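Order of writing sets the labels: A, B, C and D. Residues in every chain begin at 1.
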């Protein structure tokens, strides 16, 4: 379709560096009822991207690319049943162990399960991972540089601090999310809760409010150049354009604290992400992404997951404003040190 | 000591080679009698034109010297006699104080240096710290035959202070007791701190060192470029009043035209009375190193009237209405003269005042007080003694006013 | 048909958006494409009347070049009160052509930006922190408004910060007798643009908190062009052969403060800076610190 | 009512008359300088800060051992000088000056400049403008 449209856009927009390999996967076009008055596909509303499907294919699944229908139904049913079970279980004391965040049966150790919202479905394709490329559904190999970065003694120590196994000597050792600075990263992958996004459009801008950290991505569609590479930001700098009925968003200019939630370790300033949003059904946005960071991975990787329409409203997220947790962590660390010192006497 | 003062003056005095007095009738009962020419036409937007560089020095004392009794004007002979006696001085100069007190005091102080070595030139310092070339302005102020700037009250004297103002003064003296001359920057005056030279309206009169103001107008505004590093921006539109919580060193000025006269009302002055340490310097006279000044109260309203009475002259009146400080309002009149030096094309603007940016003196003063703290304490006590005498006088004035006001009722 | 129609609509929308973007984003065209906007004249003259209370809304005072957000110098004391907002630079091409030796001085300035040395009061540290006059062009983009008062032969600019100001005679230029913080300004009109030629600097002012600086050889040519009733375009060409290898340019719009009660206020900051400047001198003295 | 003003010294052209009153410091002299510590310095001008209300002359003073000591000498406000047309070219770096004054109370290398003359005894800023210059009576040749 629409080579005319592409021609117009081609004149206006810079060429996207990354090959949009998903273009072929576009199933159908957006119906007229799902368009804005100015004719763009209407992505507006509140969307949730919770899913039971993990980013990477569990290693035990080997080459298995898809679940069967029965397997998928089984996973979903198991989740529902477990949620039911946990909500009916009487209160019990959690005993301190090496790891409080989850219990032996996989249930959360830190809160009651009912606080969480992990979703109850797997992705519609029944793929065994969100990652579609590499074909094994796993992240590509780390570069030697990144390998050093994530396996250094310092990285281990920081990991121990973040797990509570060592006292924190500074807030700076804690995770960006503990510090309420930056949670999801881009692309935005689902976690245990708050997987909500509010999208608003104008003819020349798309804004995406992430519930987590109340970050708003303001994405110009008017073809302007990226801001200068001298200015680095947590969310980088995004530019969007329409390719047919797909919103394509390209993001660069990340700072050196870039992360993607669900992916271990720190990424580099070279991170470059292309996201594709396609709404062909009233209740579904097909969200696809391509990630390149040559200082972290030896190749690019791609993934996809659905964003499903959900009822609003989305509530305020006031993480930093109520971050008693950081005081507790630091005060606890000081108490631990004091206790250790006292024991030594 | 007195002869030493005169000696110092003599050293600096310049022979006035030729001096002649020209009587200029400025405002006569006969229109058109003014020799300086009529005021210029209005600005293109129709406002009276006050623009230009104005020489704002005056020799007229703020309060009427007692020898003039009830007389508003002196004769030219009396003016010449004052000149001969060395009483004609630019009023806002620090030298006023020096002539009255500091010279004598400084000379006393320098006597220490003297005793050790009579050949040292220390005694010449007072009021003569620098070569005279620093103060040789190319023009000379004109002389008004007024006997005082104050025209109301009719006796030409500043009204008595209120009991509140005097009590505040006492409290500030108390708060200052035991402090030296330079324990802290706040022990120095506002002028030495480069915050305010004399405040308003005092700064509206020129000093030997900075005689000029420039007035620049545009529709809706009159601005006065001050020689002390700021511009008075005077709004002519009504506009909402400035909130009473916003207090400024120079207040908030709004102007309007009454015929040919620019009337400027200024409120929202900072209440400088409430400083813990008395801030010297102040609106009604010299930037004083020693004396107390009453500061201004919350209610202080300054009304200024600018009238161009001929081509070369602005009559400048101000009225102080500050019920927290003075028992009644009072009004002065002065004259600004078009600066001949500028109108002849020798100068096209005022020069920058960068007092604070180069205030090495503050560093020197604080370190100086530390170098000899006993001296600095003695000096502060000596100054306090001067102020205590002034305070006693002011109490007498206030009581006298209260007595006459009661009897008058 | 449906396909074609929709594509056409989308294409039109995109084109329209692009056109709108060009109209609203193109700052320069209004200047270079001639008198798109005719400002009201000052009565008695053929010049636009620039009188008003103006303010730049850029972050150039932190750094005239591109800069990401950053903590301030004393986050432990100040939280984010002292933080630096992210901002895009105002320098054309974002490059300041320092001579190599001069760049080192800029970096030293930045390191020492909050140093107070009583024996080098005005040569070490950012003048802004000390409440010193900001110089030109920095006075323009301080986060404070400034008042232009334009008369027929002179223009006065009163800056709120430190109550700095300058008088700009229009017409025949005169030479600076000595050097000043705010320099020596001479103005003339180039069509509807006020051009101010500024020399006579003492070389003590900085461009920003990042330590960008100049010498007493600085020569600034400023251009003020009305763009709408409430906007001026400000451009300044910077030339200083002892510090830079070539002239360079900054530009930004200036916005009129249109609040009904907008007015010039004092920011006489000397007494707000005294503890910073002299506090060390009275530290430990028996009576020091009356605050 | 009749307001009268007297013009003193007005006449054809400009007659320069120095103020009868001496110029005084914006700072209380004694807070800053030590009247018991008069000094005399001969030095070479390094730079002049023409600042209202206080000019500062920086000079290098050669010590007996040949080394250089940097001194800062406080002067008065330059306004009157500037008004008379004097510019920074009238006191350039390298000029030899003789200073009589008083040292700062803290003992640092700063002093007020009670008298600053060129080393040969001629007055600074004298005759450097066409309008005449003041005489302060100290120079026997002035009359």
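The criterion applied here is as follows: a residue touches a chain if its C-beta (ideal position, glycine included) is under 8 Å from a C-beta of that chain, and two chains touch if they have at least 3 such contacts.
Since the model is a prediction, treat every value here as computed from it, not as a measurement.
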| item | value |
| --- | --- |
| Chain nearest the overall Cα centroid | C |
| Of B-D and B-C, pair with higher C-beta contact tally | B-D |
| Averaged-CA centre spacing for the pair chain D and chain A, given as whole angstrom | 73 |
| CA centroid of chain B to CA centroid of chain C, Å | 35 |
| Rounded Å distance between chain B and chain D, as computed from the means of their C-alpha atoms | 24 |
| Per-residue overlap in chain C, given as positions that touch at least 2 other chains | 119, 177 |
| Multi-chain contact residues (two or more partners), chain D | 49, 78, 82, 85, 108 |
| Interface hub residues of chain B, defined as touching at least two other chains | 351-352, 354, 357-358, 360, 362, 367, 370 |
| Category of the chain touch graph - line, ring, star, complete, other | other |
| Pairs of chains found to touch, sorted by chain label | A-C, B-C, B-D, C-D |
| Chain D contact footprint on chain B (complex, rising order) | 8-14, 16-29, 73, 76, 79, 83, 86, 88-90, 93-95, 98-99, 106, 109-110, 112-113, 116, 120-122, 124-146, 181-182, 188-189, 191-192, 208-210, 227, 287, 289, 313, 315, 335, 340-341, 346-347, 351-355, 357-358, 360-362, 364-365, 367-372, 376, 379 |
| Chain C-touching residues of chain D, taken from the complex the two chains share | 49-50, 78, 82, 85-88, 108 |
| Chain C contact footprint on chain B (complex, rising order) | 43-45, 51, 178-180, 183-187, 193-196, 214, 216-221, 223, 225, 229-231, 233, 235, 239-240, 242, 246, 248-250, 252, 276-277, 348-352, 354, 356-360, 362-363, 366-367, 370 |
| Complex contact set, residues of chain C against chain B | 42-45, 49, 51, 118-119, 121-122, 127, 130-133, 147, 149-152, 154-156, 158, 162-165, 167, 169, 174, 177, 180-182, 204, 260-261, 263-266, 268, 270-271, 273-274, 277-278, 281-282, 285-291 |
| Chain D residues touching chain B - in the complex, by the definition given at the top | 1-11, 14-38, 49, 51-56, 72, 74-85, 100, 102, 104-108, 110, 112-116, 123-126, 131, 133-138 |
